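These notes concern the structure reproduced below.
Order of writing sets the chain letters: A, B, C and D. Residues in each chain are counted from 1.
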Amino acid sequence: MSTQYKRIKEEAYAANMRLPELGLVLFTFGNASVADHDQGVFAIKPSGVDYPQLRPDDMVIVDFDGNTISGDLRPSSDTKTHAVLYKHWPKIGGIVHTHSQYATAWAQSQRDIPLYGTTHADHLTTDIPCAPPMEDAMIAGNYEYETGFQILNHFEQQGLDYEEVEMILVANHAPFTWGKTGDKAVYNSAVLEYVAKMALFTEQIQPNAARMKDALIKKHYERKHGAGSYYGQ
Amino acid sequence: MSTQYKRIKEEAYAANMRLPELGLVLFTFGNASVADHDQGVFAIKPSGVDYPQLRPDDMVIVDFDGNTISGDLRPSSDTKTHAVLYKHWPKIGGIVHTHSQYATAWAQSQRDIPLYGTTHADHLTTDIPCAPPMEDAMIAGNYEYETGFQILNHFEQQGLDYEEVEMILVANHAPFTWGKTGDKAVYNSAVLEYVAKMALFTEQIQPNAARMKDALIKKHYERKHGAGSYYGQ
Amino acid sequence: MSTQYKRIKEEAYAANMRLPELGLVLFTFGNASVADHDQGVFAIKPSGVDYPQLRPDDMVIVDFDGNTISGDLRPSSDTKTHAVLYKHWPKIGGIVHTHSQYATAWAQSQRDIPLYGTTHADHLTTDIPCAPPMEDAMIAGNYEYETGFQILNHFEQQGLDYEEVEMILVANHAPFTWGKTGDKAVYNSAVLEYVAKMALFTEQIQPNAARMKDALIKKHYERKHGAGSYYGQ
Amino acid sequence: MSTQYKRIKEEAYAANMRLPELGLVLFTFGNASVADHDQGVFAIKPSGVDYPQLRPDDMVIVDFDGNTISGDLRPSSDTKTHAVLYKHWPKIGGIVHTHSQYATAWAQSQRDIPLYGTTHADHLTTDIPCAPPMEDAMIAGNYEYETGFQILNHFEQQGLDYEEVEMILVANHAPFTWGKTGDKAVYNSAVLEYVAKMALFTEQIQPNAARMKDALIKKHYERKHGAGSYYGQ
């Protein structure tokens, strides 16, 4: 492997391999990428290749306009969505897309996931947003590219900050998560699935369940984030 | 093993062994077969044999009228259903029958599985059909043979194409899936279970969940199928 | 190990060890026994011993009145229930008691499990019965002994045959299953859990789900049982 | 490792490692501690360290006022909650905190878990209590310290005995369990999750499910606890 893309290929490979381990993908229903913003490229899983066959050097190098720069295989069919996000959100280093079961069910329901507890608030202080279905013209056009803009536009309209809210559901589709690294994006996909599952159970136990109080949301988020955080080493 | 049926025996064995690995069968509640249309026969799992004991050479060779051609063991009790499908649908090379839990629950509910998201649309553009319960006379007669015709008739009445819709639920019974190969039929059984599970969760999260819009159904199906497809290598 | 009880000790040990493998017990929440009707005794798991520590020779030998005949350990706290069933039902060779999650939830709901599909009908032609809660006097008295009679009485009142219906739920408690052998009793516990799970999902998908039609119940049961059966080898 | 804290470090390590094995934690969402009341200290998991990296000597030694006595790493962010409980409840030797999915969903629903069956009654004779959300001032102040008092106060107000009821849900947060040893506290966390899961299923099967009758609650608890107990060896 040439050294130019070695780091992002290896990190993207590792991130992809974590997805089936964490029970987040069936067959090839997911993809992870890792970016190098200095070189303006990212490494992403090739399309439709089974995880057991995957090798680090199979990762495809793509620029932030979605052009393949290096690699023998065709990149993930969702590549342009990744490209749009990297181009507009300069501080993210990894993106993960899965069809994990509970998060996808919320996406199919076109509902934001309400903030019901501290597990959720440890990671973000808002409901987990669900972007609305795209207009027919966007779907018929450059679909995966437009999916990226659907995500960007929803964040802008809702006044969300991509460095604080590192996950979204796309209506009738599935979740996307991101983070400063590929590892963090994978972590966020697992957290999202866990929170999505507990939110469904919560509504089944108590159909009138209320969002958690603001004071507790603020406290839990600040335990893990910002200047006064005291979680971890 | 004689060479005449070697390929289909080995492929049928491999397909059967994948079913417990994928969590689709308990004990012996399932069977897979692989056909050789040139010879007019298929290899199928013997009835009631536990998976750990199964060997490739145990597969029973049966013709498309359901007669055993070769093999020391009695074939699966569902053999005639497989025979009817192979006889009338010349382009399928493999069939799988399971009692996987979520798909079977939909069958027991006598409901088609609504198309709620892209995971479903990546594989077919219609709801997953549920054939109605059979008439008493058909049940009391040549039951497994008639089950095959129940499937054929439902596809004809609904105007479905077996090359596009590779799965069905039989009311109060369980799913059948098929495909060009045994591998593809197994894959379809796992996809069906995954989609069935998410469809239930979707209705639990949003009791008024709506089917996905047509433009998105069309787009996702065409990403993976037909002349303009761009998924996979 | 003396040879007198060797067979039933080994079979009871094997049956007990299958329970955690099949996901039917947490910690020590279950027990299996195997009877020797000629000697009028059965071998049963000692009370509260963790599965990884269990050895065949730990099985306790008890007679059909519940007296310990041989063994260094105290037998399962449910021993007298097993004794009553062996004493009155001479054709059963094994009994299993678990707190498996879905079957236990039906028991806690005090509902019979409706016959919704062929997976159920392959094993019995009636709903899975749930015995009502015991009278306070029976509970305060010889509780585990009376639990056995609660089961016997419910079968008699409902006109059920213990050789055809090999399982019951005891209200607010949990399931008991039995069979000609310890293996068959274990098998029945796994089938019950599987059917209990799918019955809940069925009602969630279709709140007005109907019992399966009689013709299909009869057909599926007769495929596996009786003179004209044609399932298995 | 110095011998002074060797026992509690090793027991705390073992208790922590059991949590992912039992499926009770994702990533680092949980912590276990073990106390030495003679020395007035407890050993607790360091904050945010992944389980595969954890070693016995990483356990942090903390006194019952929450001061770190020994250790190179920062203790769990929930340390002060553990400290308060050890200080006021002298007979507990271990505490476990998880975000296990079903128990946490009940906490998010702000509901006690009703006593629906013998699995629950084998361990406690009351509903599993859920402490109400804390006042904003308590949250903004010394939050984890106040969480301990929220638990103590709820037990006092409800007239519960911490030696009989070894578990609680904290509203919108998650469960805490304890016991005479670290092992017992872990055991209680697994039992709580199991009971929480079956209680949800029970209400789904029977929305009007009733609490189990008192005579049966008393009987099952006394089988396992007190002078006349006859469960175990």
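In this text, contacts are C-beta pairs under 8 Å (C-beta built on N, C-alpha and C of every residue); 3 or more make two chains touch, one makes a residue touch a chain.
Predicted, not measured: the structure shown is a model, and the values here were computed from it.
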{"item": "Chain copies touching (subunit A, subunit B) - same or different residues, decided at half shared", "value": "different"}
{"item": "Superposition rotation for subunit B onto subunit C, Cα-based, multiple of 5°", "value": "90"}
{"item": "Approximate Å spacing (C-alpha centroids) for the pair subunit A, subunit B", "value": "33"}
{"item": "Inter-chain centre distance, subunit B versus subunit D - centres from mean C-alpha coordinates, in Å", "value": "46"}
{"item": "Numbers and ranges of subunit B residues touching at least 2 other chains", "value": "204"}
{"item": "Arrangement of touching chains [line / ring / star / complete / other]", "value": "ring"}
{"item": "Complex contact set, residues of subunit C against subunit D", "value": "26-27, 29, 46-49, 73-74, 77, 99, 101-102, 104-111, 133-134, 136, 139-140, 143, 172-174, 200, 203-204"}
{"item": "Contact footprint of subunit D on subunit A as seen in their complex", "value": "116-119, 187, 190-191, 194, 197-199, 201-202, 204-206, 209-210, 212-213, 215-216, 219, 223, 230-233"}
